[in-house]
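Here the chain labels run A, B, C and D in written order, and each chain numbers its own residues starting at 1.
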Amino acid sequence: MTKDQIVLTFIGGDKRQIEAMRMAAKEGFIVKAVGFEDISNDSITLYKYLHDECFICHALILPIPYKNKYGYINIPSDPQSITLEQVMKKVDSSTIVILGKADHDIKRQAEEKNIRIFDILEEETFAILNAIPTAEGAIQRAMEKTDITLHGANVLVLGYGRIGKCLARMLKGIGAKVTVEARKPEDLVWIYENGYNGVHLDDLDSVLGSQQVIFNTIPHLVLTRERLKKVDKEAVIIDLASAPGGTDFEAAKELGIRAYLELSLPGIVAPKTAGRIVYSVIKELIERSQKNLV
Amino acid sequence: MTKDQIVLTFIGGDKRQIEAMRMAAKEGFIVKAVGFEDISNDSITLYKYLHDECFICHALILPIPYKNKYGYINIPSDPQSITLEQVMKKVDSSTIVILGKADHDIKRQAEEKNIRIFDILEEETFAILNAIPTAEGAIQRAMEKTDITLHGANVLVLGYGRIGKCLARMLKGIGAKVTVEARKPEDLVWIYENGYNGVHLDDLDSVLGSQQVIFNTIPHLVLTRERLKKVDKEAVIIDLASAPGGTDFEAAKELGIRAYLELSLPGIVAPKTAGRIVYSVIKELIERSQKNLV
Amino acid sequence: MTKDQIVLTFIGGDKRQIEAMRMAAKEGFIVKAVGFEDISNDSITLYKYLHDECFICHALILPIPYKNKYGYINIPSDPQSITLEQVMKKVDSSTIVILGKADHDIKRQAEEKNIRIFDILEEETFAILNAIPTAEGAIQRAMEKTDITLHGANVLVLGYGRIGKCLARMLKGIGAKVTVEARKPEDLVWIYENGYNGVHLDDLDSVLGSQQVIFNTIPHLVLTRERLKKVDKEAVIIDLASAPGGTDFEAAKELGIRAYLELSLPGIVAPKTAGRIVYSVIKELIERSQKNLV
Amino acid sequence: MTKDQIVLTFIGGDKRQIEAMRMAAKEGFIVKAVGFEDISNDSITLYKYLHDECFICHALILPIPYKNKYGYINIPSDPQSITLEQVMKKVDSSTIVILGKADHDIKRQAEEKNIRIFDILEEETFAILNAIPTAEGAIQRAMEKTDITLHGANVLVLGYGRIGKCLARMLKGIGAKVTVEARKPEDLVWIYENGYNGVHLDDLDSVLGSQQVIFNTIPHLVLTRERLKKVDKEAVIIDLASAPGGTDFEAAKELGIRAYLELSLPGIVAPKTAGRIVYSVIKELIERSQKNLV
């Protein structure tokens, strides 16, 4: 099946979906869109509302996350217009549904209707690719908030997962003196192999005082009040963990340490790259689903 | 002669001189200051005006640049208060004078009075050290102005001097695909040795169209209207050359290409680091001048 | 329990065990050795044969691999002297046994006697640490066998496991143009993130012809006769996979392509480092086993 | 003038000239050769002796160095066959002569006959390019002579010229902990900028004891007996300076420190690359000489 026979329908989203649609159209997919204001792209068919035609597609792409706080499909320009039920009612079982942050609701409905759904946020490739703009965004924020260069500075990365790996590499590439904290012995060995200074969580307190920038990627409280007391007042904390982060922000404020929780950096600092990432994972999922077809 | 016998007097300046004074006091120098508002540092003696005591010093540090547009000593908080003559009248010939951007005026007055002056901007170590915050500032601006990650992007650095070298290294460290333009065969060989893609000025036009970010360090017009026509509309130009830069900004505007002239980045994005650089060069100059004393 | 109360007994081995014993003695362990000729180290008690005293220890370290081709404990200087039964007969159940390449034989005997055994080759930290001298050894061989510099050369790494990761990083650090082959999407994304040129196994044939050095880490036949026909005659193949490697060496010879199977590089090119790795993992295993004691 | 109208005559040389001739022929130059045994290349005209036809050429390339210890043209296969006079007698004044290590003899003869000569060893591009195989060769030797990995090792580079720069970069790329010695403040700043640990010559003694590998590039005695006494007995010294190097080899031997003088590394470890470097500089010189023609 060639690309231009494949039809993709996007319902709602942000700059990332706009960029993904633009790239899909450019690479030969047939693209339909609902829930976007003027996109200025002749290759994309824009629908004002959820037309039956929208459901004639191979893949349906919902936003990331797919629901907004109102419980509707996450369409920024019209946040209370389309419900999941409205969508699922018309989806054909041969269509794959791609979205972000699948909840019990959509999993149940998909199962009932025998529809395959793919949560982009659960795709390892997406998580790794997304670490890149997250790391660059963190570096941008650190540059903006500090009055020193990262080059030559003592910087600490808490956690050595996808974001930690990417961030440590970039920081070293700029010329910072990088320390990385981890708990698992394997992670500490990789940290050593890569030439960073490694520290086990148990020994974290001993390095805190000399750090000028601290990046947190650990999704639970690690920069406690006790630990923050050891941090230099001039230091800056960039917290990248999902809300509420891993820092006791109250304590940081009282102690006079600047600490920032930076969420959704990809879409904010590099929306075009973030869109390309979404697009490349969509392509991968379509390929994968086609290979599984009898 | 130990540090705490050495007296430094700072007349005017910006955040960089404030950081330099702070470090000097911390490292044991006796520091006097004129032309600064409250500095909150007990180790620094703040004078409200140009007191005779100020001239009892081993080194007198003027701002960088030392004169402002009014022709007075460059004191931001009081820009028309102190003239060069007032200063030079009282300077002892054993005192060295350190400043930025020495002009005919101060060179003549210094010669008449047999006073040694040192232009920090002429010091090679200063120029190299200053390239670091300049390069980081350029990267920060590029991250701010673009909606893509530098990682994976085609970036072009025009010129392979101090800033070009530092910038190319950092960009490669972040993961950009770096092309560097130069004219001299030796530079092109070093560019090859460092693993960047090299292009001679004569072949520049052929690579322009594929670049997503262009950093200019060449101090004369190189991004002409003709060349700008070849540049991708989505590309961003960060011009780091001294005013007026090396870009035809008028043409860029007409062509719809975003181009930014970024001057004095060190003092803006990393004033503390910039101050430490000024301080380290001051120390070096004092050491050098003391070695020359009979 | 402090270090100097911990007794380690080493039975046989090579330069790696000698270095490990030397480091253990230096760091305060009590070290006993059997099956080594003169070691010239006063802190190590050398036994001529398997004395009962040898078994008074906290950990017993056998060689890596522990058995030789004769089925005896792998003692190079006396290869048919000590059997596994002789050892296991006297081992106390509180002693942990550390060795390399545990087979059915030792697992059965250990289970019968309720003795804890640890196969160093199964430890993730060991495998990662060992990748470093393996990668450097591969680079050393490549430098020795080629008449070009790796800098500027097109080099291909087959496989992106521990050795592939380390090797790719070092090759890029030297200045080679690195392509890495992998099959898993996650690996290809990490390859992209790290700035190498990535190629899926399915597309491998298309890049073979331009490579000047090919490093294989895949433990099964991948450089088939068909693929070797595409490889440049001047290219050199360094095969790092366990015997018999991943190259059709017969075909390579017929085609006139130099291909080398490089086994056990750590112990050959960097025996001291290899010994330190063995030692650090021994320490880790002792710590781990002590934490598990009731 | 197109390439295939340009005639190059090579008189003597080693593997480097053979590779240079091969590349020249491949890129369309007309190539004549004297003083080489069978080259197996149909595009190269091989002469058994110095035929008049050999002098019908645009450029004459002599060996590097051009003279051997007998005072004859440096032809390894026939070292006492051709004198400089025999060559210069027939050279036309429109021919440029390219060679290595021009001495008073050839400079005088060239001046008398109004012939332009170019000493390749004096070309900056050649020196920079040659630093690459020299640095890689040094790393290869260090790997061969030590029983540790360079990764994680404390290595010291004496001197920050072309070889020092290239070597430090590669060593850091492999994962060594690099210290670089220099005297000039500018060099020390660049060393800092590049992320190496810098040490001024005056403070060299303080770091010697902790180094595991020492690379010398300084062309005069720096590793004196006094300094060698501070060096660790297990350390290895790789001396890259021109004969007699910068190490007191006698003292090293007495002190039991392994020290190696590695000369002419490019031609030994990477003759093909060395040949390509010679070739690229020959091309550059021909282009340059043609631009100067009236």
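The criterion applied here is as follows: a residue touches a chain if its C-beta (ideal position, glycine included) is under 8 Å from a C-beta of that chain, and two chains touch if they have at least 3 such contacts.
Only a predicted model underlies this, so the values are computations on that prediction, with no experimental measurement involved.
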What's the overlap between the neighbours of chain B and those of chain D? A, C
Two candidates, C-D and A-C; the one with more touching C-beta pairs is C-D
Give me the superposition rotation angle from chain A to chain B, based on Cα atoms, as a multiple of 5 degrees. 180
Comparing centres built from CA atoms, which chain ends up most distant from chain A? D
Over half of interface residue numbers shared between chain B and chain C means same, under half means different, so which is it? same
Chain centre separation (chain A, chain C; CA means) in Å: 38
In whole angstrom, how far does the Cα centroid of chain B sit from the Cα centroid of chain C? 51
At which residue positions does chain B touch at least two other chains? 132, 151-152, 169, 175, 193-194
If every chain is a node and each touching pair gets an edge, what shape is that graph: line, ring, star, complete or other? complete
Within their complex, state which residues of chain C touch chain B. 151-152, 175, 192-195
Within their complex, state which residues of chain D touch chain B. 124-125, 128-129, 131-132, 166, 169, 185-186, 189-190, 193-194, 284
Show which residues of chain D lie in contact with chain C when the two form their complex. 15, 132-133, 136-137, 139-140, 143-144, 146-152, 169-170, 172-175, 269-273
